[in-house]
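Next up: some structures, all given as structure tokens.
Below are two complexes that have chain A in common, paired first with chain B and then with chain C.
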Partner chain A sequence: MQTNLLLLTVFIPILGSFFLPIAGRISKNFRNHLALAFVAASFLLSLIILPGVLAGKTIIFTKFLPLGFNFVLYADGLAVFMSLVSSLVSAIVVLYSFGYISHYDDQNEYYFMVVLFLGSMLGLVFSANLIFLYLFWEATAIVSWRLIGFFREKNHVLKADKAFLVTVFGALVMLLGFINLYQQTGSFDLLVIKDGLKMQAASSLAVALIMAGILSKSATLPFHTWLPDAGVAPSPVTALLHAAVLVKIGVYVYARLFVATLNVEQFWHTAIPLICGASALVSAGAALIETDLKRVIAYSTVSQIAFIFLGLSIGNIIGLAGGLLYILMHGLAKAGLFLCAGIIEQKTKVRDITRLGGLIQTMPLTAAAFILCAFSVMGIPPLGGFFSKYMVMAGAFNSGNLLIAFTFLVGAVMTILYLFRAFNLVFLGEPKTEPVKEGEPVMVFCVALLAFLSLAAGIFIYYPDKVVGTIVQQIALIK
Partner chain B sequence: MSILILPIFIPLVAAVLILATRGKPRGLKEALTLVATAATLAISVQLFGKEISFILPWIGHGIDLSLRLDRFSGFIVLFASLFAFLTALYSVVSMRGKDHPKQFYFYLLIILVCTNAAVLANNLIFMLFFWEGILLAIFGMIAIGNKNAFKTATKAFIIVGISDLCMMGGLAITGYLASTLTISQIHLELTPLASIAFVLLMIGAIAKGGSMPFHSWIPSAATDAPLPFMALMPAALEKLLGIYFLSRITLEMFKLSAGSWISITMMTIGAATIILAVMMALVQKEYKRLLSYHAISQVGYMILGIGTCVPAGIIGGIFHMVNNALYKSCLFFTAGSVEKQAGTTDLERLGGLWKQMPITFACFVITALSISGVPPFNGFFSKELIYDGALERGKIFYLAALIGSFFTAASFLKLGHAAFCGKASQENRRVKEAPLGMLVPMAVIAFLCILFGVYNQLPIEKFIQPILGHARLEGHNFSGFPANAWLTLTTIVVLIAALIHHLIAAKAAGSGLKASEHIHHAPVLGTIYQAAERKWFDPYEVGMKVVHIASLLLMAIDRIIDWLYDGFLAGTAFLASRALALLQTGNYVVYIVWSLVSAAVALAFMVK
Partner chain C sequence: MFSLLVLVPFLILVAVNLSKKVAPNVACSLTALATLAQAGFVVSLPGTLLKTNNVIFTWLPDFKLAIDEFSIVVLAAIGIVAFVACCVARSTINDPGQRATFMNLLLVALIGMNTTVMLRDIFSIYLFVETIAIISFVLISIDRGRLALEGAFKYLMLSAFATILMLSSIALMLLFSPTLELSGLAEAMSVYPNPILIKLSIGLFLCGLFIKSGLFPFHWWLPDAYSAAHSAASVLLAGIITKVVGVYVLMRLSLSIFGESLHIQAMVMAVGALSIITGAVLAMTQKNFKRMLAYSSISQVGYIILATGVGTPFAFAAAAFHFFNHATFKSLLFVNAASVEKRLGTMDMREMGGLSNRMPATGITSLVGFLSTAGLPPFSGFWSKFMIVLALWAAGKYFYAAFALLASILTLGYMLILQRNVFFGKLKDGLGGVKEVGPGLVIPQLVLAAIIVLVGVCFPFVLNKFIFPVQSIFLK
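Then we have the complex of A and B:
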């Protein structure tokens, strides 16, 4: 029963996505709602699976194939948490798209790609076989490539190519790492690999190769510049792929492989936070200089991803819990910021923040949602981001490495600065554009919902923290 | 559930209810706020003197919903609730006809919620949650002020936010070193790492108090934010919070000795803040801005007092915290009355108001005498204790405090002279006394200023000395008249000097307002003042420039990395494919040679 639910979670969006273009021929409305239904189904199914998984019952579906290519879906707390976050944000983004994308061509392709993306993402999340993980990984890259170049302008297609090339290059290097693991253990099956490498640390060569893939997908220095460039995509796509979900793939795979499955050499617990610290500072600096609203938010994503990596890689419990909470809090808040940017862009046709201003007078709701989401990213109580930021910082300070801790403290300060700069330039001061109206109701509803969820996640921190706490316990127990 | 959550819960419920009101019936918001703050005050009176603790599991990792009531937290909650109530009372009249009353009362109550919770918290992270939560209320409260307010709100948010982040780091280290987050169980030796933690926590505390270099938002807020906010936050609650936490870390959480470099650092920050801020206050020509610089300067006395790490100084510092909260909020209230009745707080346009506004003037005189440290008002006694402590640690600190007193007195003589005495201008002739709702809070506070001076046994013996406990007091009792007659005499001489200075300077310059102009334009000082007025010394402005330059550098790194992809890699790929294309000549003979050579190489490998 549970296994069937798991299969449905993954395959409803994957298979369902192919029906959307057909549905689009019948009726636009039907297609839109069907897309939302598929995505919402994944969310609800994950929610149904969650209690059992948290109680300690993992769900495994195995289809035996030769040569270690077994197709294994494996649901533990970590995977279900990730699928919940991904499908929740996806559902809100699809709803927002009803308003946003209705102005453009190729809507069939859009919904097809977005739902297929979520399916591939969930496939990746639940895959316990490295080869299938790799396949789903590349599937998300292809979908992402189509979506970034969605408007088909020459420049956009070039940016899409860049994103594709960088992430696929990373993925190929990662595949070499997987093969290296295969040579050590004779399997691509994570459960087998875990048993095989129970006592020893994974070879640093494998870790280094896999890290190249992880860092390129999660847009971390030195593989990060594709992410700001990918801001040419439609705003809901940016929110979904480049803030909330796709860029979390690398983070998730890091947690899956190097926290929950393998042991890594002690040296990585310092090296990875240092790389990420550099990434956090460089991108925060860029976010303070950039003038394109979406690029500012994209750089902010790069910077915040570094905090997630810090939490996961620092090697203590509170950091790990903080890193996982961060995935949720950042997903909600950053999706909210990008969706606000989408409203602003669509209404004013301007993306340069120095040419915007005074929008709070005409778009008060969008402004309120924007500042609330920004507060969450900054880590201001009572918003959810406060708890994740504190736990990650506590993890850094508890590691005893003050260099890392202070680097991220500076990063956190810069977060406040660049988000306020963006807010002030866009919403305050004198209006510089033609007077505009508030965005469409459905779009404003979505950003307000995300802001509300960011707030609720902080006030009712007990619940997300309980889920994360249980996951961390499970991981600690297995090891 | 415990009675202990009521000081947090009552204002919270009222705040939520206010959000739900829809404008009608009129006065509902005000009534809710008054009832909630009065109830909170009543409960905090009940709670004072009791020792209760209360704990509920919250989120894991040692983060509990843990509250502790002891002499110190009970005392702070009592005064915080008192100020909230008086400010609410004052605001009912003063905010009438202003924009965004709903938000104003909501933020006011949230500030009380956060303050009470942060003070009662016995868990570091629970405390931080509310401590930092005040940030949003401050931001909102300033933002509903005048047209420039949003910019000032941002400035306040950034400055306080950065200090809160430092505090977050300090708390993380403290929790790590002590292996507990329960405040009452933390007693750390000052190891190097613990010193870093202490400094980070101290930054959070003194920044909340408004000390330099975290002060520069306060003068901007004075002109832009709604006035009751100034009386409530920078004048009162922020001092209570900041100095409360500073005392907690110096007295309990860390074992700080008088000889440590941290003590010297604190005293230096205190002394510098006293002098620099009072010098700025002296030359202000706007009622509220002048007061705001004193709000900064006075926190210097408290930090100096606590930093001395000797009983007299600590008692003086905490006593000064209460006294300052009293007279400073009352002074801001008088500014509010003047603003409401005369329509301006520009000292150039004020004058002669004492006739029209006698009660406001009386309250101003009492509180101005208090802040200047004139006996027998409350400020005199707390300052004497701080002098005593400072003198014990070093003459230079005492001297700084004394110079501060001279200029404090000078600037209040100037303010009183310019606003209330002198000749009334034509437009001021028809000004009337402020309404009763605004006079009552001022009168209550002015009365307390006298009471806490004349009968200082009440605050010192009942509120403050129990905080330190018998062991730390070493049998001393600091109430009553100062023990050191020489110190008192020096103080009085300095005050008289300030009076004479003012009289001469005012006569020479022709008006009370211009009595400080000879200092403003003195040879070296004038240049410094000019630079300060251009914001060259504003740490916020300077910091922003530094960050901008650093960001340009970081951006350059980012662009270089991006060039590696877009320029270098793409270029290399292009050149490589051009080079390979050259090999494709289309000549069959060449292709056959290529094939044969490759086959030979392949064969060689296989054979080997």
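Then we have the complex of A and C:
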């Protein structure tokens, strides 16, 4: 029964997405609601399997295939948590798209791609076989390529190609790392690999190769430049792919492979935080001088992803819990920021923040949602982002490496600076554009919902914290 | 039953030429049916049939036709591509006389290819390879344009050179072997004391085959020939003819003759790797749709050759798999090119842009072909390329494995250039009136795309039923 639910969670959006272009020929409304239904179904199904999984019952579906390519779906706390976050944000983004995307061509392709993306994402999250993990990984890259180039401008397609090439290159290097693991253990099945490498650390060559893939997908130094460029995509796409979900793939795979499955050499617990520290500072600096609103937020994503990596890689329990919590909090808040940017862009037709101003007078709700989400990203209590950032920093200080801890402290301060700068320029001061009205109700509702969720996740921190705590215990137990 | 593979095309050939009145369309339809039947027949063969008796025809002691698991894969590819070429010819060759000529050539080529796949002695293989080469010259120059004649002439010249090499090699082989039948030849080689003579003879023959397959450093005839030829002819040439006369023969010889020699293996792998990189890098610089596909072909054939050079059963099976996949996805891309050429009348990519908007079926199927060529999952090209990488790795060729994997990024690079210039993007001014091509071109595109997707998604079935059995040839 539970296995069937798991299969449905993954395959409803994957197979369902192919019906959307057909549904679009019947009626736009029907297609839109069908898309939302598929995404919401995945969210609800993940919610249904959550209690059992937290109680310690893992769900495994295995289909044996030749060459060690077994198709294995494996649901533990970590996977279900990730699928909940992904499908929640996706559902809100699809709802927002009802308003945003209705002005443009190729809507069938849009909904098809977005729902297919969620399906591939969930496939990746639940895959316990490296080959299928790679398969879904590339599927998200293909979807991302089409969606970044959605408006079909020459310049946009070039940037889409860039994102595609960078992430696929990383993925190919990662595949080489997988083959390296295959050589050590004779299987691509993570459960077999785990048994095979119980007593020893995974070879550092394999770890380094896989890290290249992870860093490129999660847009971390030195593979980060594709993410700000990907801002040419429609705003809901940027929110979904390049802030809340797709860029978390690298983070998730890091947690799945190097935290929950394999042992890595000790020096990685210093090396990875150092790379990420550099990434956090460089991108925060870029966010401080950028003038394009979406690029500011995109650089902010690069910077915040580094905090997640810090939490996961620092090697203690509080950091790990903080890192996981960060995935949720950052997903909600950053999606909110991008969706706000989408409303502003669509209404004013301007993305340069130096040419915007005073929007708080005409767009009070959007402004309120923006500042709440920004507070969460900055880590200001009582919003959700505060708790996750606090726990990650606590993990960093507990590790005893003060260089790393202070680097990230500087990064956190810079986060506050560039987000206030953006808010200040866009919403405060004198209006510089034609007076515009508040966005469409459904779009404003979505950003308000995300802001509210960010706030609620902070006030009721007990519940997410409990879930994450259980997951961390599970991981610690099986190792 | 297998004799029908040769007899049926032959009968059609005779029938359509008996009277002048037979319309070329009838020839088209008959051939299309025959080729479809061929693909269906070989694919539906139960595995047990092969294990009992694989020699199907013997004439002289040396001359026999035989069939094995590898032949099945190649015969299926021949059937599919020839079918597609029929469809393309029907919608793109307007002059009835030319179309009749094309159909005749296609039928002769089909007979030649089907026979080549079943032959087991090196001299007959050489004869049929030459026959098909002559057909290719005519195919390339069928519409008598200046570029087409130039392409055909280049191929003719290089091919003559290949003939000399292959004939000399056969003469050398006769010095140490009483027979030219492949297994007898291999036996004679294993007892002959002078390894230099053996390596020389094999090396000469291989060079001939490298020319025929368009591999580095003999690759430069191929883009001219493919791009100047008529669309239908380029589908046939790029999709299957050069693959059978060059690549298939090389693989067949590697099975029985040079599979054991380390030097020869190293040389074959080096040629494969160099072809991969040369083809891919040159493809990036092209402005002509078909020329880019031609260079891509060089690169993809490099993968097959690289895997053939490894010499393990698994690598050979992987190469056979990529052979089939390459035949399907490269034919698909050439049909896409044919569709675009039919509507725009040019192959210059600078004059194209955003065609997906106007030609959705062509645009979407070109995506399938592109992603499969670039080796992205879940399309068929990924699994065969990945098997090649695994085989290289398992054989301890770590450098080549990493090289083959990372070279995929080059494939992705030029394929993205193609997509950006032709299909994905804003519609170019003046192309607003372009319409989707008719069913004559859409159907083959959809068929090929479906094969690529199905082979990719149902890969365990394909591997178990067709590809893994290929390894058993090594036991025989």
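Just so it is clear, the second predicted complex is superposed on the first by the 479 of 479 C-alpha atoms of A that agree within 3 Å, B and C clash if a C-alpha of one lies under 4 Å from a C-alpha of the other, contacts with A are read in each partner's own complex, and residues count from 1 in each chain.
We adopt the following convention: contacts are C-beta pairs under 8 Å (C-beta built on N, C-alpha and C of every residue); 3 or more make two chains touch, one makes a residue touch a chain.
Keep in mind that this is a model prediction, so the values were computed, not measured.
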*asked:* A:F61 in the overlay: touching chain B, chain C, both, or neither? Say first, second, both or neither.
replied: neither
*Where does A:N424 make contact in the superposed view: on chain B (first), on chain C (second), on both, or on neither?*
first
*Identify the partner contact of A:F19: answer first if only chain B is touched, second if only chain C is, both if each is, neither if none is.*
neither
*Counting only touches as set out at the top, which of chain B and chain C does A:Y390 meet: first, second, both, neither?*
first
*Looking at the overlay, does A:P222 come into contact with chain B only (first), chain C only (second), both, or neither?*
first
_Looking at A:F452 after the superposition, I want to know if it touches chain B, chain C, both of them or none. Which is it: first, second, both, neither?_
neither
*Touching partner for A:E138 - first (chain B), second (chain C), both, neither*: second
*chain B or chain C, by number of chain A residues touched*: B
*asked:* Does any part of chain A touch chain B in one structure and chain C in the other, and if so which residues?
replied: none
*Could you please specify the touching residues of chain C with respect to chain A in the complex?*
354, 371, 376-378, 382, 386-387, 389-390, 393, 401-402, 405-406, 408-409, 412-413, 416, 420, 424-426, 460, 463-464, 468
*Once bound in the complex, which stretches of chain A touch chain B?*
162, 166, 221-222, 224-226, 281-286, 288-290, 317-318, 321, 375, 378-382, 386-387, 389-391, 393-394, 396-398, 402, 405-406, 409, 412-414, 416-417, 420, 424, 428, 461-462, 465-466, 469
*In the complex formed with chain A, which residues of chain B make contact?*
58-61, 125, 128-130, 132-133, 135-136, 150-151, 154, 157-158, 161-162, 165-166, 168-169, 172-173, 175-176, 196, 544, 547-548, 550-555, 557-558, 561-562, 564-566
*Touching residues (chain side chain A, partner chain C) in the complex*: 65-67, 69, 131, 134-135, 138-139, 141-142, 146, 149, 152-154, 157-158, 161, 164-165, 168-169, 172-173, 175-176, 179, 182-183
